[in-house]
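For reference, the structure is listed below as structure tokens.
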Amino acid sequence: MARFVMEFERPLVELEEKLAELKALDVASLPDLAAEIEDLEREVERLRDTLYAALSPWERVQVSRHPERPKTDDYLSALFTDVVELKGDRAYGDDEAIMAALATLDGRRVVVIGHRKGRTTKENVRRNFGSPHPEGFRKARRAMLLAAKFGLPVVTLLDTAGAYPGLEDEERGQAWAIAECLATLSDLPVPVVVVGIGEGGSGGALAIGFGDRLIMLENAYYSVISPEMCAMILYKDTARAAESASALALTADDLVRLGIADEIVPEPPGGAHRDPAPVIAAVGSRISAALDVLSGTDSARLQHERYERLRAIGVFDESAG
Amino acid sequence: MPINDWFKQRERRRYTVTSGVSGSLPDGVWRTCPGCRKTLYQGDVARSHSVCPHCDHHFELIASDRIALLVDEGSFAEIDAGLTSADPLRFSAAKPYAQSVRAARESTGLSDAAVTGRATIDGVPVAIGALDFRFVGASMGSVVGEKVTRLFELALEERRAAVIVVASGGARMQEGMLSLMQMAKTAAAAERLARAGLPYVSILVNPTYGGVTASFAVLADVIFAEPGALVGFAGPRLVEQTIRRSLPKGFQSAESLVEHGMIDGVVQRGELRGRVATVLGYLMADAAGTPAVAGDV
Amino acid sequence: MARFVMEFERPLVELEEKLAELKALDVASLPDLAAEIEDLEREVERLRDTLYAALSPWERVQVSRHPERPKTDDYLSALFTDVVELKGDRAYGDDEAIMAALATLDGRRVVVIGHRKGRTTKENVRRNFGSPHPEGFRKARRAMLLAAKFGLPVVTLLDTAGAYPGLEDEERGQAWAIAECLATLSDLPVPVVVVGIGEGGSGGALAIGFGDRLIMLENAYYSVISPEMCAMILYKDTARAAESASALALTADDLVRLGIADEIVPEPPGGAHRDPAPVIAAVGSRISAALDVLSGTDSARLQHERYERLRAIGVFDESAG
Amino acid sequence: MPINDWFKQRERRRYTVTSGVSGSLPDGVWRTCPGCRKTLYQGDVARSHSVCPHCDHHFELIASDRIALLVDEGSFAEIDAGLTSADPLRFSAAKPYAQSVRAARESTGLSDAAVTGRATIDGVPVAIGALDFRFVGASMGSVVGEKVTRLFELALEERRAAVIVVASGGARMQEGMLSLMQMAKTAAAAERLARAGLPYVSILVNPTYGGVTASFAVLADVIFAEPGALVGFAGPRLVEQTIRRSLPKGFQSAESLVEHGMIDGVVQRGELRGRVATVLGYLMADAAGTPAVAGDV
């Protein structure tokens, strides 16, 4: 499989390709080649540093969507054991765009809920590219209630472009399914740890996307609206998504600054797909650390603190009415 | 975010939202009904709760009229009127957010899109709110989220029923994630009220979309909508683009929401007050006691 | 509208028609006519008495299905005021075969849930002839939970041939929807009074068909299976439904004898459709009387007694295992 | 009532229930697999949990084998073995019920269709039951209803997990309304267990229909089914007559139930024990404490 190249990486990739070409030539027959290769290598190095040193918000969005980026399935197989999937909403269908499971992390039994993008086209079609239908949210809610009933902490993994805006989805109550998730999650009597591993697209992410801790990967985003749709509204031009991405304050850094996210898991230069294993491992230990702290808290206090945490979000001025 | 879809729709299809809102027009004006194209005298329109006497088209109403339509005369006392947007992201892409808010405040006289307060309906104490579509499309940012949350908290504290007339384009994107989180915040407050066994009735009016529909708007015990109101999560234009075919007639209309099991009924504007009062009579009968069970309705 | 004639009434109706013909003749011109009319009147009287005196189970089933029999809508409009319908399951649809409403009976606020047959063909098509889909049961369950939340007693009216055995109904979880109603109803913390007003067809009736009191109309039936289907299984012949009806012990009398029903509301000779008003009024006062008693009971006790009531149903022998 | 449909189906379509049940056949017998028509040696069939090694067809199992398949060896102790049917309606239409029951008792050696008792699964204390289709189509009358109810009550009292392997033609019509009411009775007992925060896992096997599906069978926290098991409310023949067209392939199969969101998964017979043990490990971890919330799952 050819490496997937993100738009902003193109200059670097072109240079890297040129370098590879030179290296393929016969050094012995070309006296200046060695020096030229050395120069180019330095230049590639320099460009790589500047390119990846401080990604722009829009570049991070692209990284978060990289097809080789580690996905819910990767975290599940690397970090969790004894996984038993919970399927279906007991009313209409089983939505493969959201997975729910009983699973064990470092010896701790939890319920995992995550958006599930596919790795292959076939998988992605079955999973609707990770965009849930109402029954996906209803399955998630069933899993939350099961966790509550049996005192299991909930771990959620966010990676969706958003809830699917289809005709039948509207008819089957997409808004209702999301709202009920929000209400249930807000008052769940067990610890809830959320990890933004990739895309955090609006209401479809939020439905399983808040709790007692929010851990963001460095290049994951979480946004009220996609940069493209925002650009469409602001400029009638999706090509201006980069500007929108900056305006929306959707990066992990922004979320910490706004008091919404708690911590950031660093990624290797260029993104988690460059070297997934340490990123996945770090996520595992951050989740465990968060659960270690939260497990000591009784449920009434958890519910109270989660409410206060939400209650504090919002910035406004207040004068005597 | 559907606000834009909404405006697009309006241009393209002569949708039934009118830019001139009845409440802000003088009585002596003539206007054209977008439902039947007849010319109406504003005085007549105002007297019939801004419903067209010929075709039943429900004109948009401003928040204060929405509340006046429901509560006992003179019973409404506003709360949290001093909350205003702080432009936390310094959002200046395309059109500066601060400027949009300032313009909305000037043209509407409101501090933001939500008006909330205490009132009684047929003597039943309520915490009532209404959203005003003129104010940045009644989108929910920090102020709307905070006011709605405080409204639920007021209901809980003073054992009142919550009643909200909802219209909205969705989350207010100019406040980014702070807006999105208001969905969770308002849902959490609604859930607390529910756990305490206190009633919440919502009335969805034209248009209600996006993150507002997908949070507090639909978490009510009983949900009504006005005739012809369009309600959904994704805006119709986005749905059309997604499915690449035209939408069925009546898609996302209040009438189709009843068929699809999402709301309890479509209620004529003139009958709303009576209907809500009747419902509260049932659900507030035991307001003084604690509920037998924290139901999961 | 011509009067609907039940099979077993045919001999009587024929005699009545003959009598009407005679009465239309000119008495003056036919000297023996008056005597003949008198004889026939006596015979009609005698036949009516014997026909309606003790209806067989199968005859009662026919009466319970009589198109002019008072239906849920009739009880609703005659007995209840301030009716606010609750519609929809908040997930898929609003099933018109089951109605749920906030309603007031004799000044007492309740939640009414009932199967709803139509009066006209058009109504019946819309209401699927009173055979609920899964979303009907899910709406009923939503209404039950609303009643629980707000401490309102529940009154249910049974009149269905059964849950609809359609393809999509199976796919949308007909069994699941019914089972969840049963579980919810069994533990509802408010009084539940059930009235069998017409047909009580199997699981589709049971889903809203048990509680703290079961009041049966004299000619209503309640059965584990329809007499026709039972005959099909036993004799491969639906025409032998009469025998099955007798074997199934499905009449109001049978139910009282089996300890399942509490009381019987008498009907006029020939059935409630002959004179609905007093029957409907009697049902109203029986419901009120039952609620008067039950309203004094706290919810824990109600739940306990309802469980014990169910617990006692069943006949078996027990020897040391 | 679907039992009959069931038999009809079997004749007409060579359905996958075999009249000879593996557990009752001697090892030295050869039999034909209804799945692939291959001839199998009963000894091999028995050794592979009665699953065809060629086509994965799951043969019917008797109740005691169902239980043995799941529990720790030697841990099962039967309860309520002395309950027998009393023929309360003196049901004698067509074939006297008492006679059917007597014949079933003789041919199966069971007292009725349900076998229940205490056991452990991977050391976790369970209240376990299984239904035996040979006994009047594993239909639920007073005895099955009572035994299932007592099983849930035992689980509640001794804080055990409930595990039931379900197969059934539905309610036992020969006991009339007493049978129908067992649906409510077993559902009530399952609900009590749920409110106490104790787990219940059901395993649906071929065939599960009617009033049993529509009561305790599907009220479990986690529901599994065996491959190819047919599960529904109305029997396939009745559905076919109702819709007046032929049924889609796989209708009411365990695999389609997963797609339609009704069960958590299809599990190979050989893996059932491990899967159930794993689930109980999660749901019984806190068996000693009281649950934080009486969830409504």
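Going by the order they are written in, the chains are A, B, C and D; count residues from 1 in each one.
Keep in mind that, in the parts below, a contact is a pair of C-beta atoms (placed from the backbone, for glycine too) under 8 Å apart; a residue touches a chain by one contact, two chains touch by 3 or more.
Please read all numbers here as calculations on a predicted model, not as lab measurements.
A comparison of the A-D and C-D interfaces places the larger number of contacting C-beta pairs at C-D.
In terms of the distance between Cα centroids, chain C is separated most widely from A.
Once the centre of each chain is set as its mean CA position, chain A and chain D turn out to be 42 Å apart. Each chain gets a centre from the mean of its Cα atoms; for chain A and chain C, those two points are 55 Å apart. Rounded to whole angstrom, the centroid-to-centroid distance between chain B and chain D, based on C-alpha atoms, equals 50 Å. Mean C-alpha positions place chain C and chain D at a centre distance of 32 Å. Contact with two or more other chains is made by residues 194, 218, 260-262, 296 of chain D. Looking at chain C, one finds that residues 90-92, 172-173, 176 touch two or more other chains. Chain contacts here follow an irregular pattern that is not a line, a ring, a star or a complete set. Per the touch definition, chain D reaches chain C in the complex via residues 1, 3-4, 78-86, 88-89, 91-95, 142-143, 145-146, 149, 171-173, 175-185, 187-188, 190-192, 194-195, 210-211, 213-219, 231-234, 238-239, 242-243, 247-248, 251-252, 256, 260-262. If you check the complex, the residues on chain B that touch chain C are 194, 197, 199, 218, 221-222, 258-265, 275, 278-279, 281-283, 285-286, 289, 291-297. Of all residues in chain A, those touching chain C in their complex are 90-92, 134, 138, 172-173, 176-177.
Interface of chain C with chain B (complex): residues 82, 84-94, 102, 109, 135, 139, 142, 145-146, 148-152, 189-190, 299.
On the side of chain A, the complex with chain B involves touching residues 163-167, 169-176, 178-180, 182-187, 202-203, 206, 210, 222-225, 229-230, 232-235, 243-244, 246-250, 254-255, 258, 260, 306-307, 310-311, 313-321.
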